[in-house]
Amino acid sequence: MVYGWDADQGGAVTRDLEDLKGILPPIPTPFDRRGSFARDRLRDNFRAWNRHALAGFVVLGSNGEGVLLSPDERLDVLRAAREDIPDARWMIAGTGCPSTRETVELTRHAARIGANAALVLPPSYYRGRMTREALVRHYAAVGDAAEIPILIYNMPACTGIDLDAGTLVAIAAHPNVVGIKDSGGDVVKMGAIIGALGPGFRVLAGSAGFLLPALAVGAVGGVLALANIAPAQCLSIYDHFVSGRAAEAAELQRRMIPVNTAVTHRWGVAGLKAAMDLLGWQGGPVRAPLVDLTRPEVEELAVILQDGGLGEGEKGGR
Amino acid sequence: MVYGWDADQGGAVTRDLEDLKGILPPIPTPFDRRGSFARDRLRDNFRAWNRHALAGFVVLGSNGEGVLLSPDERLDVLRAAREDIPDARWMIAGTGCPSTRETVELTRHAARIGANAALVLPPSYYRGRMTREALVRHYAAVGDAAEIPILIYNMPACTGIDLDAGTLVAIAAHPNVVGIKDSGGDVVKMGAIIGALGPGFRVLAGSAGFLLPALAVGAVGGVLALANIAPAQCLSIYDHFVSGRAAEAAELQRRMIPVNTAVTHRWGVAGLKAAMDLLGWQGGPVRAPLVDLTRPEVEELAVILQDGGLGEGEKGGR
Amino acid sequence: MVYGWDADQGGAVTRDLEDLKGILPPIPTPFDRRGSFARDRLRDNFRAWNRHALAGFVVLGSNGEGVLLSPDERLDVLRAAREDIPDARWMIAGTGCPSTRETVELTRHAARIGANAALVLPPSYYRGRMTREALVRHYAAVGDAAEIPILIYNMPACTGIDLDAGTLVAIAAHPNVVGIKDSGGDVVKMGAIIGALGPGFRVLAGSAGFLLPALAVGAVGGVLALANIAPAQCLSIYDHFVSGRAAEAAELQRRMIPVNTAVTHRWGVAGLKAAMDLLGWQGGPVRAPLVDLTRPEVEELAVILQDGGLGEGEKGGR
Amino acid sequence: MVYGWDADQGGAVTRDLEDLKGILPPIPTPFDRRGSFARDRLRDNFRAWNRHALAGFVVLGSNGEGVLLSPDERLDVLRAAREDIPDARWMIAGTGCPSTRETVELTRHAARIGANAALVLPPSYYRGRMTREALVRHYAAVGDAAEIPILIYNMPACTGIDLDAGTLVAIAAHPNVVGIKDSGGDVVKMGAIIGALGPGFRVLAGSAGFLLPALAVGAVGGVLALANIAPAQCLSIYDHFVSGRAAEAAELQRRMIPVNTAVTHRWGVAGLKAAMDLLGWQGGPVRAPLVDLTRPEVEELAVILQDGGLGEGEKGGR
């Protein structure tokens, strides 16, 4: 399967879906002291990320505070990321919005800016009415309109909707819906949808806490907040698994769980950004209503990072 | 307590909070066949609503599909409602957005357009991090910036956050947070916050299913989807209660439950709009990802409306 | 409707279901220091309860730690209660067990001991398979076998099952299922089932926190943990409501909420027993795995009781 | 670590905890047509199970309908199983009861009958009060009193309690609490507790749907309903994993998911027993309130079994 984006916008970029595998960080959006997008800080982070063998990047995901940005800011961040992401790597844009028409529009913009795929949250405000039929229609409308392939973004912690296997299989019947980032952590469901849809449907673990178990049932990689600060470790889990080193993979997987919990479930984006600051990356403040970590929380986080073996060295690559 | 909005925009409108009581419909936003805001259909609905002794209206609430409208559309709907709502009645604008800064901005616009109060949803995308402190900060920021009083909008079915009594009392410490529309249905909590904050804090039932029980513990009225199609019945429950006719109030309350369930939990906005069409109001289509009722669903709804004693007469007033 | 229990066991006791209304405490089971049933302590409590106009008592409910008693202990407690409860008042026995056959057996024992009705929890261990059909069958089997009328005991906080209105109406189709103690607090559901089944189906509020709202929609009384320590106050809320004193009822209802929360949701049976000790009743220890309140918790509870206006005088009647 | 049971009861059985690994079916309790324990049917099943390299058996677990048996029946089933289980294999008895004292008593009986370990559910009726402290006390009391090692049984689908990692680590501080059967399916938690407690703490997957992912993070085996009807397949997943055949393990894991779902989440014990009947084992009826599968459900199940490649051959061993 090969997809391209609108050739009129500057030349076709085609990308083989079989290459969509490995580790991709969902990058945070750095802000300056006044709370505006800090383009230079993002460039600084990319310089370090690009030294690692990351398969690509998700821009404007949950960790990118996408829902807290204005429409114009979203396009600014996408354009900046496009400049910094090498052509050989995936740029995946988070484009899910509350309405179908807004999602279509943002997905089109993302394609024209040069995203290679779109990651689309299920609309969730009217979750009581998001029947299987409503969701199938939504993704079909977006898939029909988009010049780039669509990945489903199952993120129950944020949307309050945990897409079940039957609904996912129904949505995936659309030819332009090609995979999923699943942050729910239900590895039975991951196994079930790979069993039903085959390995061509790209399943990516949505959190480093269950990267290895997801790989074990057939996932092809992960979109991992942890990969922002521990790219080498995330890549090692993946490499150990692919090379058949089960014990090494398990040991590293278990060691990463406390760190990962700190920058996801427990403290979320604010924790991730604080960890970046502690480790020499560009983290900076979150945008309200999110709240930055307190000083005691930062100190606790520093201990967790140290216990997990993370230091400034991660940024340099190894 | 008396609040006014920006005098520079056309003269001060002051409104006594003690008048915030009785029945207010959260109005749907009518669309035309192409899916655009149908201004004339809204006017037609207001002509009928204004024949009833409704205390006011909520614009851009959940039933108004506010989250599915573009920023410009939201202002268009607010301006249209302002034209159609008599000065003697409350116009309350739904202004909750994912980020604090966007909420502040929309609330300011609403005040300048002439809304008498703003109904503010808790931001919910990062619900795992919406601690009491984060929510208190958010409402304080909005309350500080707003020229009009703020009502909390507790709507767990849509936000996935059910604000607890302690958090509500903490948020209400801000002098510009003056009340709540509570759609959660927990009458113990309603009683607890009235007990803690006194009757000056305006508690409005968020659904007609529990209007009477809410009044029994001290709520002052209701913002009721049902009031869009059954204003006379909702007003009667309120009047029976206020006049001490407990048995009549209970009988009518119970009779309204199945109808109310149909246009709220079961079928939501699509059900409400279909009921409006059946009863001679201007309902029309919902916007995707919402899905209109199927024909068999409409037929089932018609039976429920009939069983509840609702007919076209409701529109005419009685 | 009139029900009697097995005449062969000592003379028929018939009781008119229309008399099932008002306030009934679900009594705790007192233990001595070694953890055995303290029969004399129970008698002491009954001496005080019987000075109040309570409609009756529930024995072996959740507050009676019924599930923590051995089969023999359960019968001992039922026999003791039967001795202490005046014939003119209701004795309702909690008889729900995990299996249908055990529930049938305990219900028969309770009837022979002299209980006037049985309060039956839905079996909940295999909750994923407790379909409407399974529950209808269970209650029908119990209702068929029982010589006394059956009340459904909806207690989601303990069973994890919140029986919906449709299931309740289906279960109530059995002629020997005559009412419900609903501890879920969903007053819309209470209104819906009274609307569907008529006032002959006896709906009792399961917690004092929502007594008044439940009465407002048509409940006939309440089975209230709070009535163990504040019988006069619970009776006053009921009397105010019945006599049309809405404001007095609301004020007292709101005042009781913090006390009620302390002895239910927050600290449960251990809180109730500690409150009894503080107020001059026979409380005593709970049975493991329940844990008694710590000293700081008892001190906090004492303040809550005082703020609610409760003192030793409650025990004396007034 | 080596544990023995009461030598006075017939000779010490010691068993090395390092041997607790591999696949163990949680066996159903067969009933005859009148609903009584069918001892002969159980023997027949054991004859077939014993032809497979199963590490042992769980008796009176959720699939054993333990909570639906009388105290005497439970001992009968334990004694029968003890006769049929070869000495070289583990016999683990489900002994969790609502009260601590009853759990202690049943655990002692189980040890004297010859169980090698006890699987103890958290008491769940008063789940709102099952704080970490209450649970630590409960397991400590049982661990102190038991002559056999204790395994925690985390079964949120039945208890409504999902023990978190911190609570599990706290409970495991007791020297006689040696492992867990985790049916919750949260592989992050499994990884976290193995990381915290080391591989000496025996983690067993509680359902075949996530056997492979659990093994990947360090679980040592599984207690799997599916192993009752597909012992060879469950053993193969385990063997493939241990031998480093990741792709074969994943393929078989994915193939087993639909079958496993049918006999667990979807239809539970009734589904498992129906599958046993279809595949030549002794299944038979469930006990009320459980409900046997309808004929159309049995037909659907037959197709699922066939699609999963299961036939009567499984019983014969291969």
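Here are a few things to note about the model shown:
We call the chains A, B, C and D, going by the order they appear; numbering starts again at 1 in every chain.
We adopt the following convention: a contact is a pair of C-beta atoms (placed from the backbone, for glycine too) under 8 Å apart; a residue touches a chain by one contact, two chains touch by 3 or more.
Just so you know, these numbers come straight off a predicted model, no measurement behind them.
When every chain is reduced to the mean of its CA atoms, the largest separation from subunit C belongs to A. Separation between the centroids of subunit B and subunit D, computed from CA atoms only, is 51 Å.
Subunit A and subunit D have CA centres that are 37 Å apart.
The set of subunit C residues touching two or more other chains is empty. Across the whole structure, chains are in contact as follows: A-B, A-D, B-C, C-D.
Residues of subunit D touching subunit C in their complex: 35, 62, 67-70, 98-102, 123, 125-131, 133-135, 137-138, 141, 157-158, 160, 265, 267-270, 287-291. Subunit B meets subunit C in the complex at residues 185-188, 191-192, 194-195, 207, 209-210, 212-218, 241, 244, 246, 249-250, 253-255, 257-258, 261.
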